[in-house]
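A, B, C and D label the chains in the order they appear, each numbered from 1.
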Amino acid sequence: MAEEKSATVDMGVEVAGLRLPTPLIAASGTFGYGDEYREVADYECIGAISVKGLYLEPREGCPPPRIWETPSGMLNAIGLQEVGIRRFLAEKLPAVRALGKIVIANICGSSLEEYGELAKILDQAEGVSAIEVNISCPNVAEGGIEFGCDPDMAARATEVVRRGTRLPVIPKLSPSASDMAAVARRVAEAGADAVSLINTIPAMAVDVETRRPRLANVVGGLSGPAVRPIAVRMVWEVARGSRLPVIGMGGIANAEDALEFLLVGAAAVQIGTMNFVDPGVWRRTFDGLAAYCRRHEVAAVRDLTGTMRSGTAG
Amino acid sequence: MTVSSEAAGRPAPSRADLPPRADQAATLVARNQLSPDAQLLRFESEGPLRVLPGQFAMVRVGGGGLLRRPYSYCDLLDDGAFTLLVKEVGVGTRALMNLPVGGEVSSLGPLGTTFDLPPPDLTPVIVAGGVGIAPFVLFCRRVAQSGRRGIVLLGGRRRPDLYLWDAFERFGMDVRVASEDGSAGHHGLVTALLDAALADAGRPFLYSCGPTGMLLRVAELATAAGVPHQVSIERRMGCGMGCCLGCVVWARPPSGGPEEYLRSCTEGPVFDAETIAWDRDPHPL
Amino acid sequence: MAEEKSATVDMGVEVAGLRLPTPLIAASGTFGYGDEYREVADYECIGAISVKGLYLEPREGCPPPRIWETPSGMLNAIGLQEVGIRRFLAEKLPAVRALGKIVIANICGSSLEEYGELAKILDQAEGVSAIEVNISCPNVAEGGIEFGCDPDMAARATEVVRRGTRLPVIPKLSPSASDMAAVARRVAEAGADAVSLINTIPAMAVDVETRRPRLANVVGGLSGPAVRPIAVRMVWEVARGSRLPVIGMGGIANAEDALEFLLVGAAAVQIGTMNFVDPGVWRRTFDGLAAYCRRHEVAAVRDLTGTMRSGTAG
Amino acid sequence: MTVSSEAAGRPAPSRADLPPRADQAATLVARNQLSPDAQLLRFESEGPLRVLPGQFAMVRVGGGGLLRRPYSYCDLLDDGAFTLLVKEVGVGTRALMNLPVGGEVSSLGPLGTTFDLPPPDLTPVIVAGGVGIAPFVLFCRRVAQSGRRGIVLLGGRRRPDLYLWDAFERFGMDVRVASEDGSAGHHGLVTALLDAALADAGRPFLYSCGPTGMLLRVAELATAAGVPHQVSIERRMGCGMGCCLGCVVWARPPSGGPEEYLRSCTEGPVFDAETIAWDRDPHPL
């Protein structure tokens, strides 16, 4: 087990009522339905897996091209191609449960009703430990505006999920909101147990030779190390500006990156885009966190949360 | 194996049938400049490596951008070394082509599906354009090892783009070439050589890899002639592991299964050609 | 002259009533008071210079550390150290005027009154051709909230500048607003002649060994190639969603980058962070644009604006 | 030149007094590994180069991060080649130290202010820590060319960190060293050697470059002894051209001019030490 390799450091964290053996969570949309990386990633370093975003029904997703590389980042517009909640529960969940990992179901809705329905179905499912609510989905009833851009709509989506389940509810915040902490406070009132952030940042690129967008969907989501400084700032603002536990993410590639998020206030972190780049990110980040704790004489990794000092000098 | 895979689009073959995957360091041990903009690179893996023809590696090299880049394994040598055929198209390929001998990359593989050897009574006919020839070196090595021969049709813009021609002749293949500028073989597209090759083969099994326009033409001719046809499809890939869903192709199984996007990294890169919905493909000629 | 090197391509553009000999503008805060790069940059490639942001009075700025490198980006929190409008007019403006370049004055205010006062002073000055209004400044009267985050406050700042001057007024939009096009429409109503975007994105980094922020100001502005896909998306949204001409910027390092902005709707572009990295960016971008126009048989670079095609295929 | 510059902080010397600046390609022609983590690199510029002691270059190297990194010119050789002393501290220095001989960088320089040669009746006393020794090679070359001698105090953690010791001896300097671990010279900090050196020099002119703690101690001793003192200050720099305002130091001119942030790239890196407000400096010991 991972714990044996760092006997003196307690790597466990607790967030939204979940006891995670490590603070590292696989980010939704980057780790499939959970078992795809079993040959090449050190699963003992993984604290939980947030599976690919689920709607009620299967979706074919956006046409390709769907991805594009940018400086230190990646654009994607997959359009949430997925198998639907029922096939997930029947076919995908057993495989990831067999790995002995804590599973977080990430859900998407085109309407408040869909969010509520998904929450009720998951509440009855065996082997799902929490629900992460993707509120960066277009609300069909409101002309396709993202739930996550508006604090009220974010709170309403959270509330219907809360009413549908006893599982921990974790809204995943969109970085398009101009006041992230305000959104966090509203979803807290609506019953959220924690928030995760940041979702990808809307962005685009153009093939200047053909004068066409690089992605069929024109706009995609930017992720990867390029956005990390923005994500760290937002996690810091939300951790200071609300009382909810925060799960931080955005371009984490190693222990130093993960530590930035923990120090500004994250209770746990998610690893996303870097799964694509380097499946060794899990072992390297886990070992680096343990080594950091030993070097700084920190007994438990959870003690690091929110310990950034003020001022830059002495 | 059957001539025509039963499962439409051969979705997600059981991993048990495929060699184990690993992310390994690999050292560049030799470089062969094939043309002004193409190289054959020989790497040695730090650990053991088994590869089936048609599979690929996701390679990460310093200075080569954030994401790994996919390369078909070109050949696998007895000592566990492998070769990649690389043509300069961007920052990733450029970094690999500038890597000094002795330099290291991360190589994640082998990934994806494979070209099936044809049944004993069929003759392999390969159609390849440019760097699309890469996966067929290992494939033809296996064909030759089974004591058989095949026909290789190789196309490119000019003579220097007809990579590794001699390797196929060493395997005893009947190599026929075409160049768009007429500098080698047939003056024109490689697909013009296909009718004669199919006739010469008697009972052919088609394999193709290259530009989408070429693949589409080969697929049309194969369908018209009722010839089984496996195609390797290259798409922009993020992970190679089936998770980013960036590399999808639209599949319309002739058996009537549901139409859907399949991942060229996992359900592919080698597909039964009849599965691909060429008319909905976003990569036209 | 630059024009002679590309005789067949008309490199001039017109934006906000300014006729610029090239579409490339030096971004405020990256090009000093205009003449610092005269030994190493090809000034003939420069269409205009937006000088360092000016307040009424000199400011000492933030304490160091003020900058930090991030993946493909740069964080800065300079705090607008500058000499004040009067010393600028007396000491700095003559040197940049001597270079024969069109000068855009970039102004900052702690209050609406300060914006108005600056506009009146500049209106009387010789050699200033336009006013770029930095609305990412904290409004002291409103508890330090940025003018630029709120469409109303952005419009009011624009309006007082408009009333103070006959010069073209170009608000520089903050990317923190969740609906950039809405801000653009409001400043258009308030009398803006064009908008420029994007200003830097609030971001931060932490030194995990000392557990202190990398910048004394904690939060700084992220710029450079890392943010380019976000900036291109925002320029596209503003160009589609308002009728104002747009000056685009964000990590432009070469002609291809500049073309992305032009194709999605920018009438001109600014080069910022890359001045620090490579003063050769001017010549390379200018020559690359001219070569692109020749290759694509475009007679004038201004004909490229907004010519992105829809769809990615055929 | 006067012993103590009249203008407080020597703000922005007229560029007419300084050599012309250019951004030039420079080729790495030789590498000397001075210690496990430090190298002396020799470059040849594509064009002519004039440099005064204390000036620096902003260097861009592939794989070395987005921004250029500042390096003091260590020495300027008759054929226009220059050397840089590089110690590994991050991605920029690492890329430079891994650059193969024959590789190219962009070098923007010479930038910033210079160490003044002392008036004829004063003896230069140099105090340097670690890579802070870099600018003094060219400076001592100029001192020696003027037919004079000086004292060089060189400190570091261990013996291997006392870079280029022999170069100063070849220039006829009186070299005295200190190491924190006692492996060479005085066992302790280099500043412990200062009192004796000032006494031996008779009428000294102090020059210093190195860690802030060392600079501060030298400045205190210089002030107490009434000795003129020029200091080279290294700060995180973005552009080196005076535009990013990232590299500022707080200046409190003794002549009573306004306190303000000065740019270590433009008003510095060499300052009259009495100008620096050490107590407001954000880089403590």
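As a working rule, a contact is a pair of C-beta atoms (placed from the backbone, for glycine too) under 8 Å apart; a residue touches a chain by one contact, two chains touch by 3 or more.
All values reported here derive from a predicted model rather than from experimental measurement.
Under the contact definition stated at the top, the chains bordering both subunit B and subunit C are A, D. Taking the CA centroid of subunit C as reference, the farthest chain centroid is that of B. Here the spacing of subunit A and subunit B, counted between their Cα centres, is 36 Å.
Centroids built from CA atoms put subunit C at 34 Å from subunit A.
Taking each chain's centre as the average of its CA atoms, subunit A and subunit D sit 47 Å apart.
The set of subunit A residues that touch two or more partner chains comprises 63, 65, 72-73, 216, 224-225, 312-313.
In subunit B, the residues touching two or more other chains are 282.
On subunit B, the positions that touch subunit D within their shared complex are 62-63, 100. Residues of subunit A touching subunit C in their complex: 63, 65, 70-73, 75, 149, 176-178, 201-206, 208, 210-216, 218-219, 222, 224-230, 232-233, 236, 251, 256, 259-260, 263-264, 292, 307-313.
The part of subunit A that touches subunit B in the complex is made up of residues 30-32, 36-37, 39-40, 60-61, 63-69, 72-74, 76, 78, 81, 216, 224-225, 273, 275-280.
Against subunit A, in their complex, subunit B makes its touches with residues 15, 20-23, 60, 65-68, 106, 108, 235-239, 241-250, 260-261, 282.
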